[in-house]
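Here it is, the structure, as structure tokens.
Note that the chains are named A, B, C and D in the order they appear, and that numbering of residues resets to 1 at the start of each chain.
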Amino acid sequence: MVVVMSPQATETDITAVVERVATAGGEAFVSRGVSRTIIGLIGDIEQFHALNLRAMSGVSDVMRVSTPFKLVSRTNHPQRSTIRVGGAAIGPDTFTLVAGPCAVESREQTIEAAQMARSAGATLLRGGAFKPRTSPYAFQGLGEKGLAILAEAREVTGLPVVTEVMDAADVRLVASYADMLQVGTRNMQNFALLQAVGQAGKPVLLKRGMTATIEEWLMAAEYVAQRGNLDIVLCERGIRTFERSYRNTLDISAVPVVQGLSHLPVMIDPSHSGGRKDLVVPLSRAAIAVGADGILVDVHPHPEEALVDGPQALVDGDLRALAAMVRQLPPMLGRQGPG
Amino acid sequence: MVVVMSPQATETDITAVVERVATAGGEAFVSRGVSRTIIGLIGDIEQFHALNLRAMSGVSDVMRVSTPFKLVSRTNHPQRSTIRVGGAAIGPDTFTLVAGPCAVESREQTIEAAQMARSAGATLLRGGAFKPRTSPYAFQGLGEKGLAILAEAREVTGLPVVTEVMDAADVRLVASYADMLQVGTRNMQNFALLQAVGQAGKPVLLKRGMTATIEEWLMAAEYVAQRGNLDIVLCERGIRTFERSYRNTLDISAVPVVQGLSHLPVMIDPSHSGGRKDLVVPLSRAAIAVGADGILVDVHPHPEEALVDGPQALVDGDLRALAAMVRQLPPMLGRQGPG
Amino acid sequence: MVVVMSPQATETDITAVVERVATAGGEAFVSRGVSRTIIGLIGDIEQFHALNLRAMSGVSDVMRVSTPFKLVSRTNHPQRSTIRVGGAAIGPDTFTLVAGPCAVESREQTIEAAQMARSAGATLLRGGAFKPRTSPYAFQGLGEKGLAILAEAREVTGLPVVTEVMDAADVRLVASYADMLQVGTRNMQNFALLQAVGQAGKPVLLKRGMTATIEEWLMAAEYVAQRGNLDIVLCERGIRTFERSYRNTLDISAVPVVQGLSHLPVMIDPSHSGGRKDLVVPLSRAAIAVGADGILVDVHPHPEEALVDGPQALVDGDLRALAAMVRQLPPMLGRQGPG
Amino acid sequence: MVVVMSPQATETDITAVVERVATAGGEAFVSRGVSRTIIGLIGDIEQFHALNLRAMSGVSDVMRVSTPFKLVSRTNHPQRSTIRVGGAAIGPDTFTLVAGPCAVESREQTIEAAQMARSAGATLLRGGAFKPRTSPYAFQGLGEKGLAILAEAREVTGLPVVTEVMDAADVRLVASYADMLQVGTRNMQNFALLQAVGQAGKPVLLKRGMTATIEEWLMAAEYVAQRGNLDIVLCERGIRTFERSYRNTLDISAVPVVQGLSHLPVMIDPSHSGGRKDLVVPLSRAAIAVGADGILVDVHPHPEEALVDGPQALVDGDLRALAAMVRQLPPMLGRQGPG
């Protein structure tokens, strides 16, 4: 941490900062300049936060320089992690395709979509039984009935299942059906939920909040990790910007940056990023090329009838193109494809 | 709703849209232009969403024109509402001051802050027992012990209490101590929580998500209302923008716009908007002048020792200036002050 | 400036930074911590930028701590400035109303609007002869013919004229007709234009770029000031955010923050911020209350016929309400009204 | 265009809209619904804008549905264009590498960088003689002396030169040295400059404004095209968002979207997007994979000494990696590499 004193700060102000830091067991290094004095702090950063130095007389700014996340940081864990979900692996050595319907609508639709996913080379099945919807009048998902359908689709296809949980009270129920728990973009800072999934004994897929900074996203992962669960996969799914041509703006730079900061795998969701079917294939190609550890795509046997997000679901032709690309492109770039 | 067909759309495409709308009990009006055809839809908009028209052949865009929220809308409820919390009223006839410590840290600090709040003319006491924090290593609040301290502060000062609840599972507990339940910015789309507070039988203070559109915010209020609770107060607390000089950017235009769209009261939180003490008084003046129904401010007897958000808490001198302004300015602008 | 070394930085890296700083005539203060070393720099910051320290081995970040603008800064010029334009004053002692048509469309419309402006208490007439338009097919303004009409409106009403100039090549021409030169939001970083208006010998109205940070805005003012012209008035006119209910989001917090950083007057344009007539009066009230030095509003005798931005122009009733408010509210808040 | 009437609109209001549209030679189609009436307009959209329908009584919204750009649109020009600059081609059949120093600092540095660029497979040399800088105290470029150095670098390497022009008054001068004129991000809506480069008889590289929507960007291109110059290459260079880990956020989705809307080539600038050297190679891989028509990268023989943007310039090792990728990856994806 660095404390920047204002030009008007007095010697008494400076001494007061140094002494307060000392009471917290820290060390303070004073650098005097022509117009300002800067004080560098060494010690426990959380202790320093509690000192509330910013409110002291003569202090103009307090800047943090050390990394605020620990367990998910790559600093103490330089090797990138591989997370296993059933038979599927997500990590630096493979490129993982997760596919399935955005929402579980019926037994038939889900099983058909799951078979499409498997044929396309997916090693993990996605599907929503609990759906977060902006409007209370929109379809909210089938709930436990949907979970049972997903479990049946797993029986039929052999693919492990990842599905969203929206409330800490539902974690146990969802974990009893699913192989991996998804925390969605609107719940990225639902801290009770993060702590509950951290204790559930299942791998977690943590989507980035649509307006979360990378630091906030990694701090959310730290909440999960702190409860003893390091089986976390991060998923970039588009951020909110001023651009209105697509639903959200895929932040592709986040992939190499997060892989540099954290040992956790990072996937991309090209379906939700754009909300447009015509962007799924080009953004998936970009995801592979930039070094993402996998992608999550929506598939639907009959997108025209989809209750949720039909416009972005892939159908047969596109899905075959995607499947071919997922088989061929990663090896060209020095990485194994799925399965 | 308006369906815009692409220039390449065929007659078959147009007929298919019209027929699908008819199956949902709606009417479709076809307007043919030189280069495009536009189809206007009349009927139940939620039904139309389920039709997934955007995915049909020849459709280039689907635009919604009717208002998506009903219970909180001013269309069917032209008179602006007044919400009562204990003895306090929030609504178009008064200007309400809510004050208190950002976090309940101790019995002494809370009672001292509550007395500061009452002296300044506040009619409602705010204070956090459960604190949402970006970092799992930061102070998370005193929990139920904090709720008991708030209840004691109510005894001492006579002020009803509003406090945040972060998880649906805690709603019953928090409601047993508090007079009003706050849903914070990070939980504005925690739909399980919205539904739980909608059933708790207490008024709700719903803060705007820091990156929520006005429509999303009103839809979140609709979730609460749909469970039978229309005692909702909205609170604008700054949105996330590119500007880095303040923590968030107060969206003051939201006040008249939301008051035009909804009958619910709208308050402003000048403390969290800027995260800077020096902005609290000018932004409070702007809040009164723009027509907000009240403000929420942080006070702390000793901001230098605050565990959370000390830099934005008002101390004695500022608080007296604020109190004087809250007494004098609203009547000048044709509205009663607090109390 | 503060140089933050990475945890992997070696002693050689640290020495290299210190020596490079010395070659530029600066001093470096080394603070060694448990995991990182921080180096504080004292000296000429522009020299330090040229050193490109960020690219040196072992450097993790370089942070600037001193203020980058000098001539417009309040640090060396604590008293807030008053700018005079013809008989009108803009500064801390008055509240200035600038009004007029968004675009000069005809002699009749302009003179009628100018008379409306004067009746409402405006002391400065605004009007656009050169109009920056997103589309090349939209009305681009009357050019010099429009300037002549504005000069005639000045004759008739006695109000000095402020009008936009879009290209450095037009500065001399526009300055020969106008009393104050406006640099618009799209040209805030047109540096050739900034330098040209800095040499034109007329006061300058510098609108904030719709996505400019406060620092970039003040640096743009510094470009003007550097050419010898300190008669600059800043104007906040809404920033681009994710919110779609209004054209732009008025950043009202910018007013007290910029007034703290710079001695220049700061106005608000409530017409362009929202792009909605119904927001002009509430945002003008907020502007007065927050402490702005004036407002700029669009008026039009027949908004239904306006070629540009008709939806936001005030007509008679609203304008009278605004005029009454501009007379009454500033004195209540301890400031003189216009004129 | 679609006019949405408010629920309160009267028959007189509706008739007034229809008649006004007729006066402009347009046709209006009225669709009456249960709560609202919608009017579709067919005819000349610019004429309709001049009607200012939004300000008419009973009108709640006016929505544009046809495409606002014409000359650069793909609608009337379905085949994607190839632009030639000296011997270099930019378009759908090749992948073009443009490389060079961010700023021309000296004869030696520029020629050395140009030779690095050619060795890496670049077919076009970039370099700035006029530099737009946020601060007036920062290095502003060598001006005409820099142009002469670039011309000499062209002699030595055979590479045609693209360089930025910042002011309409300089277009003739810059065009006398350069093979292609760059309009930078801060000048994307400097309409005088756009018109001047449109008349200069040289191809234009039009960078996206850092906060411009795709529609505004294509309208800026339309300004150039309207002056008779269709030799335009678009360049995405990162947009401004809330994320602070990189200078700007590369909007990779813009590439397929713009290629769908316009026939013009679209390149990516991975150096300026992130402002970080470590992102150049991964973002360049993503650019190739997503289908961009080329990339623009900064190279510098001695980045530690660079006066501008040294932290993002590639040096030998990285540049060789990039060069190998640019040779190998496009053919794998069905496109020729440079040269």
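By our rule, a residue touches a chain if its C-beta (ideal position, glycine included) is under 8 Å from a C-beta of that chain, and two chains touch if they have at least 3 such contacts.
All figures in this text were calculated on a predicted structure; none of them were measured in a lab.
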Remark   = The chain whose C-alpha centroid lies farthest from that of chain C is chain A
Remark   = Between chain A and chain C, the Cα-mean centres are separated in Å by 39
Message = Centroid from C-alpha atoms only, then distance chain B to chain C, rounded to Å. What do you get?
response = 31
Ask   = Among the residues of chain A, which ones contact at least 2 other chains?
value = 211, 215, 240-242, 244
Query = So that we know how the chains sit together, what is the shape of their touch graph: line, ring, star, complete or other?
reply = complete
Task = Using the touch rule from the top, collect the residues of chain D that touch chain B in their complex.
result = 2, 4, 7, 27, 29, 31-36, 38, 40-43, 61, 63, 65-66, 75, 211, 240-242, 244
Touch list for chain C against partner chain B, complex = 211, 213-215, 239, 241-246, 249-257, 260, 273-274, 278-279, 282-283, 285-291, 329, 332-333
Key: chain B - residues contacting chain A, complex   = 46, 49-50, 52, 54-56, 68, 132-139, 166-170, 186-187, 189-193, 210-211, 215-216, 219, 222-223, 226, 240, 303-307, 310-311
